[in-house]
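Could you have a look at this structure, given as structure tokens, before my questions?
By written order: A, B, C, D and E. Residues from 1 in each chain.
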Amino acid sequence: MPSQKKILEVKNLKKYFPTTQKQQLKAVDNVSFDIYEGETLGIVGESGCGKTTCGKTCLGMYPVTDGEVLFHGKNIHSMSKKERFAFTKRVQMIFQDPYASLDPHQKVYDIIAEGIQIHGMAKNKTEEKKMVAELLEMVGLNAEHAARNVHEFSGGQRQRIGIARALSVNPEFLFCDEPISALDVSIQAQIINLLMKLQKEKNLTMLFIAHDLSIVKHISDRIGVMYLGKMVELTESSKLYVEPKHPYTRALLSAVPIADPEASAQKERIMLKGDVPSPVNPPVGCRFAGRCENCMEICRKEEPQMIEIVPGHYVACHLYDEIPGSKGQKADASLLARVQST
Amino acid sequence: GCGGSSDKKDSSAKTEDTKKEAKSDGTFTFALNYMPNSLQPSAQSSDDLVSAIRPIYEPLFAETKDGLEYYLADKLDISEDGLTYTLHINDKATWSDGEPVTVKDIKFTIDYGVLVYGGPTSFTKVNGGEVQINEIDDKTMEFVLPSVYDNYVRTLSQFYPMPAHAFDNDPSKIDDSTYFKTPGMATSGAYVVSEINEDSFVYTARDDYYRGTPSVKKVVIKTIGSGSTKQIEFENGGIDYMRVTSAEDLKKYKEESDKYNMYSISEARLNYLQLNPHGPVMSTLSQDARKAIFLALDKDAIVDFAWGSDELAEPANSLITPDQSIYNKNCKGYNFNLEEAKKLAKSSGLEGKELTYIYNSDRANMESVATVVQQQLAEIGVTVNIESCDTSTFFPRFFASKDKELATTWDLGTNGWDSQRGSNCGQAISYFTNRLCDCGYSDEVSGLAQKAIGTADAKEKQELWNTIQDKALEECWEYPLTYTNFVMVSQKNVTGLDGSSVVPEFIDYLSIHMD
Amino acid sequence: MNNLLEMKHVAVNFAAYGGTVQAVRDISFSIEEGQTVALVGESGCGKSITAKTIMGLVKKPGKVMEGSQIIFEGTDIAKYSSKEWKKFRGKECSMIFQDALVSLNPTMKIGKQIMESLDNHAVTTSKEEKKKKVIDMLKLTGIADAEKCLEKYPHELSGGMRQRIMIAIALISHPKLLIADEPTTSLDVTIQAQILAEMKALQKKLKMAILLITHDLGIVADVADKIIVMYAGKIVEEGTVREIFYHPVHPYTKALLNSVPRLDRDGKEMLCTIEGNIPDMTNPPKGCAFCERCPRAMNICAQYMPEEKTVSSSHRASCWMMDERAAKGGVAHA
Amino acid sequence: MPLLIQELNGEVHPVGNNIVITNDSFAKLEKKKTVEVSVERQSVWKDIWKELRKNKVAMVSVVLLAILIIAVLLAPLSPYDPYKLDASQKLQGISSSHWFGTDEYGRDYFTRTLYGGRVSLLVGFMSMIMTVVIGTSLGVFSGYVGGKVDMFLMSFTDIFLALPSMLLMVILNTFLKPGLPTLIVVLSLFSWASVARITRAETMSLKERDFVVATQNLGASNFRVIVKHIIPNILGPVIVAASLSVANAILMESSLSFLGLGVQIPRASWGSMLQGAQAHILDYPLLAVYPGVMILITVLSFNLLGDILRNALEPKIVE
Amino acid sequence: MWKYCLKKTAQVVIVMILISFFSFAIVYFAPGDISDMYVNPEMTEEQKANVIAQLGLDKSMTEQYFAWAKRAVHGDLGVSLSNKSAVWPQFMQRLPATIILMGSSMILSLLLAIPLGLWSGYKKNSWLDNLISSLAYMGMSIPSFWFGMLLIIVFAAVLKVLPSSGMHTVGNVSAFDTFQHMILPCITLSIGHVAVYIRYIRANTIGQLSEEYVLTAEAKGDSQTKILFRHVLKNTLLPIITLMGMNLASLVCGSFIVESVFGWPGIGTFAMSAIGSRDYPVIMAYVMLSGFLLVVGNFIADLLYAFVDPRIKRGGASGGK
């Protein structure tokens, strides 16, 4: 069960990529969140909204443009080489594409043993072999599979190998970047189950990214919703579905198809207009303003800040701006009524 | 035959309106390897340019076996003391623009040489002293030498006067002008230049030429790159003559004597193999090494492989060519003796050595000679590394003076010596005594040569020369390979190509006829 | 209602290096006028090939096998000549593809690409009229400034716009059947919802039938009238939306429905999984193709292909479990 | 076809469509876990060999090249000395003792062709090795390091690609001391650039690929990443480039030799044999035909192999 | 677009500077003393020093380079050593012949390659495609000088239908005559390029035909010809522009050899004889000139490509992939 110990603190993280025209692609723009020990934080959002970039920056794979990421209170972007090396042992990643993330010219054994070798975790070859076999067993493969080449495996099996590689160094934190979106529906469940099982067994902390809200909700304790480089809402996963606050979250939730004709027919749909703007030149003010039904004047001018409207529920939307004297909740209630009437 | 000649008449008619009455209007076509950049006669560095200039510029005179053959000059008198040379220019000799050829032109050309060379040339400086050049009148001039120098005749013969009036008598104007690149330049020969194209020249006959009117009214010179294309062109009738350098071609054209005419003229040229006493390896070995090499060479085989026919070249026995009257037929030379050569090679330490051999790849047959020499020396345990050089790299290396670094980059090399014809032995002396690289002629030989000049008695002179030839072979680092013939093949309708024996280009355009 | 399209015993093979890939193995189904039929199944089960077969777009090394019948409005189009196909495509039946970016010619202006479809089925109209038609169509698909859009190149548009262009191209000649091969897979959910809604609206307006190919059961639940579940080149179950979602028969359909977590349900319990992988289609198992992964497989499943049985007039499935003797064999039937 | 089952009497029921229903037909299927025994390592070379075996043209090329290389290696077995002159045998036609006839020095032309092939192939292979080594190291380095270094190195490479290489080879060859080493160096000097470009591009894309990121994320050093992951994965394109580079080098060498800038007498390469044959092209055109055909066959084979390999390896690399 | 042009221009300038430096370095580091070409043994030391100073050979390499480059920019490429006349006009005189040869070879290559490549790709694996592809491979692998030799033997020596050498018959200035002379060298020069283009176009056609947009077009009811000519052709041929730019280098080098085989009076033969006679100013000028030709050719190809491809034109340089 999630404790209250922060394992990762992300503070005002910004990651801009330079583009050719001297402009910057603001992939992640001022995002803050914490991850507590043993929990799974899910991040959803549309394609290109900066989920992967955010995750990778948190793992130190990209340098930050601004802000900081603290791992157990230590800034990961100002680590020495040695510290960084130790850090890699504690934090691992699972990739989206099970085909691209495994070296096609290596055997399963080589792939899984690499981390063990790099960190000198095995005393000798036999121990190494034993460890690899255990890892394979753990992810639901056979020890016999170790001698094979990766291209003999299907997508699901490959993803298991990827998970075994990540677990080979006994990490405490796992970043899963859409680990299932490249897999077939029937295989997805296997991987989800495996990840959930492993998390329980090893008390892993996970950052789980996907654009499929139902899966994120299934696996996460808390969910952050991103839109165009910004975190717009962050709360417990059960709460998010029941009482979404941000208009984008609401639209997103309503757009997710439900595999049940009756439930689907009853569901109310919020149809958004237009397309996601380019992250190269994001609109001033609220980035969602252009597509938002509740867009107000202020939305086009001022960027909303993340505010905690109820404990543990953060939203970045002007609808919930604190009216002087009252708590954000009130404003929410009145506006919500207006929203629902439209 | 020259099938194209009739339809070429019209296009060139404009430039030769003065020639319309001429009946025999054959076009004589031949080919060069490279297109000369200019027709300036004193720039004659390549055989190609010499051929291109031959129809339009003439020398003063030429030396032959039977004395002087006069061109622009008609008389050369040498004073008793051998110091004063009086030259008279043909009264009828004119430039193609009508101006007479005068001593001014001669002086102008000599001055240009001095200008280009950046110092006194062989015309103006002899034996370290200055030559006085006096203009007697328009057509007569006088060269007063500081001391006797037999070879001055040769100096004067290798000389194409340029038209001084075209440059206001100022030789410094030549380099900057396009005069020699533009049709219509004043020429002294039988033809004027009527066209200069990217890859060809067209010359038309002059009718005010002082030696007569050539029967060939038009000469076309085009450039044809590779050897075989030239041959194809010749066989297709595109060119009228070409030089034959291989025995196979010689045989082939001989067999088709109904289609072609053959001409063979002795080139007065000695091809020789030079050992370099300063060479990286040769300089470390004794005289015996030289001998070993000379004995290991089989001249007949070299001729056989490289030329393939004695009509193209004969084995040489002396360093003097048969075209010179002082030549000794009985000069013994070296005879192939493999056993002796092996013995000497061993004793001199030559065996097992690697020698560097250079040759001029632009000259016919030299590569073959190299190939054969290499194999023959292999027999005595010598490895020969052959480096092929083009003309421009070959000569600086081959003639590098001994103190130059280039002189120590090779051990063996082949070259040819254009000996000129005639009784004049001056050239031979300069050859024996005045070599750029110190090639082993002893003072004794040089002394003997000097003595030979001073000897009036023909018999005694010859005997002296016989001794020199023997001695030179004995001690010098040169090995005579062959005497070559200049063999030409022409289309059947072309006759009279062998009208002149002037080295190195033998054609006299006055004697060519085309039917 | 009439059957617009009837597929009878259609089989498609591909000659590949490793042998012949039996991509589609003897499938039969029908689509009624104005109906939305969803074709669902795992990747590689032959959905796209089925669609291409209807359009006559199966290319070498693929081959529609002898005996396949595709009856469209009473005529067997499988026997069409290439000229007849040309008339058929775009006019009677249109198709849109998954990835709109690669499905549009990158160096041709949008307007021209849409116009081509009109040109091909020229109901001799003037250029202006055609242009007007195109603009109207674009507006119908939800593109606001249609005139401007005509002069653009595909790469200048966003993913959703491109997919709308694709729909416009497909619908400009008012086909009777629209085949949509995963039309929204490359899009975001919010955009997907827009596109699906627009498609539904257009369907109503133009009264056409849709064959929707997808592997997202959620979309199916939302849009389809009838569902066809394919597995390894065969149809394993077919029925109305309610029949499939609420009374699935085939173990594969059941597993498929249960393996997807649902947004509207809470809890972190383990999902239902289907172990194993789809069989190799060059060498399909001689029995039921799902047998290897089926938790209830019986001996006979590995030996013989199950025959198709009807559950109701609109509901059919192929599974040995439906044989009345299956229960006797020992395993309880759900 | 729909299958029909008809129930018959007895235990075993052969039915219309040969369906045999037994007593335990409907019993639960006992699934045995299938564990295949390990497959041996799938190296690039094995891959290549497998792909080549599938392709008839490729096999023909391989066989031709094998024959050529073996023949060339076995050249010393010829009864003739390739350099020894023999006046009595000048320019002989084809005969049972001289398969290709003899040249103007009476040397057996077949033997000469074999020895010439040694030189041509040596030049081809040596300059290929140099080209590939220089090109790959620069390319991988540049691509892996990226940034300014990469920009600088790639501009440098671009210049080498933009230079009229043949021409500069001619110039350099004239200026430098002629000989085989010069030839090889000059040839590789002007062909590494394209290899560098290819390997750089591959490295760049590999560097971004997830498996490399994953390895880096495991704490692997750059050296380990390059040696264990980058190099094995660019081997395919490098082999393709190598094959094409041999072809190119042989072709270039023949051109240079033809211009008289090749190997020194009495050694010959196919190119210089062609140059020598030029003098006899009208009378003995066969002398020009043999070496020319040899060049054609060799270059063609290498080109074909390169292309077939490219086609065969590329999808794998992308995968 | 302007930015793109500017960037490219800057690139061209840098490459040109480097090429010029390269060509200068070749000569500077060439073995042997350049001053040897200018002085002679009879000169006094003073005279020698004079000459050397006059030529600036006593200065440092960079100084010499800048002096030379400055003159080169003004079109003064020095004076030929072998004929003492300015290099630039000599090049200009010969350049047309080379341009004609290269240009017609390029046109011939495209005229042959486009239909053959398209057809070959369209009818992939048919016997005709196999034939065309085999020929293309042959063309790519044949040494061009050897092919030229064979052509000369067949057409000039045996059949006697075409001239073997030169640019025109002397005295005959008709275009037809030049055309006749051009046939063999042009074919020889083109053979390799045709092969490369065919294979490229073929591969491109196959690639484009398997693109999804072709399927869309088919689904619209477009006919095969319409697909081939309205959709595939443009997409196939666009990259050819870049390829042509890149192939300029081999065209220049090819013309170098072909000119010497066929005695074509262009800059190739001129350079060849300059190399033979170590005429440094000419060699430097040639390297510069051909380098310039290449770089500018590539530049034009790049711009042209950027101009005709809407993906680059509208998308700016960033969309250049």
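Here, a contact is a pair of C-beta atoms (placed from the backbone, for glycine too) under 8 Å apart; a residue touches a chain by one contact, two chains touch by 3 or more.
A quick map from chain label to UniProt name: A, C = ABC transporter ATP-binding protein; D, E = ABC transporter permease.
Values in this document were obtained by computation on a predicted structure and should not be read as measured data.
Each step here moves to a touching chain, and the least such steps from chain B to chain C number 2.
The chain with its CA mean position farthest from that of chain D is B. With centres defined by CA atoms alone, the chain at the far end from chain A is B.
Each of C-E and B-D has its own count of C-beta contacts, and the greater count is at C-E.
A straight line joining the Cα centres of chain B and chain D is 52 Å long.
Chain D has its Cα centroid 45 Å from the Cα centroid of chain C. The centroid of the Cα atoms in chain A and the matching centroid in chain C are 32 Å apart. Chain centres here are Cα means. That of chain B falls 40 Å from that of chain E.
Shared contact sites, meaning residues of chain E that touch two or more other chains, fall at 149, 153, 157, 260, 276, 278. Per the touch definition, chain E reaches chain B in the complex via residues 32, 36, 39-44, 47, 51, 80, 82-85, 90, 93-94, 97, 149, 152-153, 156-157, 160, 163-173, 260-265, 269, 273, 276-278.
Chain E meets chain D in the complex at residues 14-15, 18-19, 22, 26, 30-31, 137-138, 140-146, 149-150, 153, 157, 246, 249-250, 252-254, 256-257, 260, 271-272, 275-276, 278, 283, 286-287, 290-291, 294-295, 298.
Listed in rising order, the residues of chain D touching chain C in the complex are 1-5, 19-22, 24-29, 31, 54.
For chain A in complex with chain D, the touching residues are 59, 61, 84-85, 88-89, 92-93, 95-97, 99-107, 114-115, 118-119, 142, 144, 146-149, 151-152, 162, 165-166, 168-169. If you check the complex, the residues on chain D that touch chain A are 33, 35-39, 41-44, 209-220, 224, 228-229, 232-233, 235, 316, 319.
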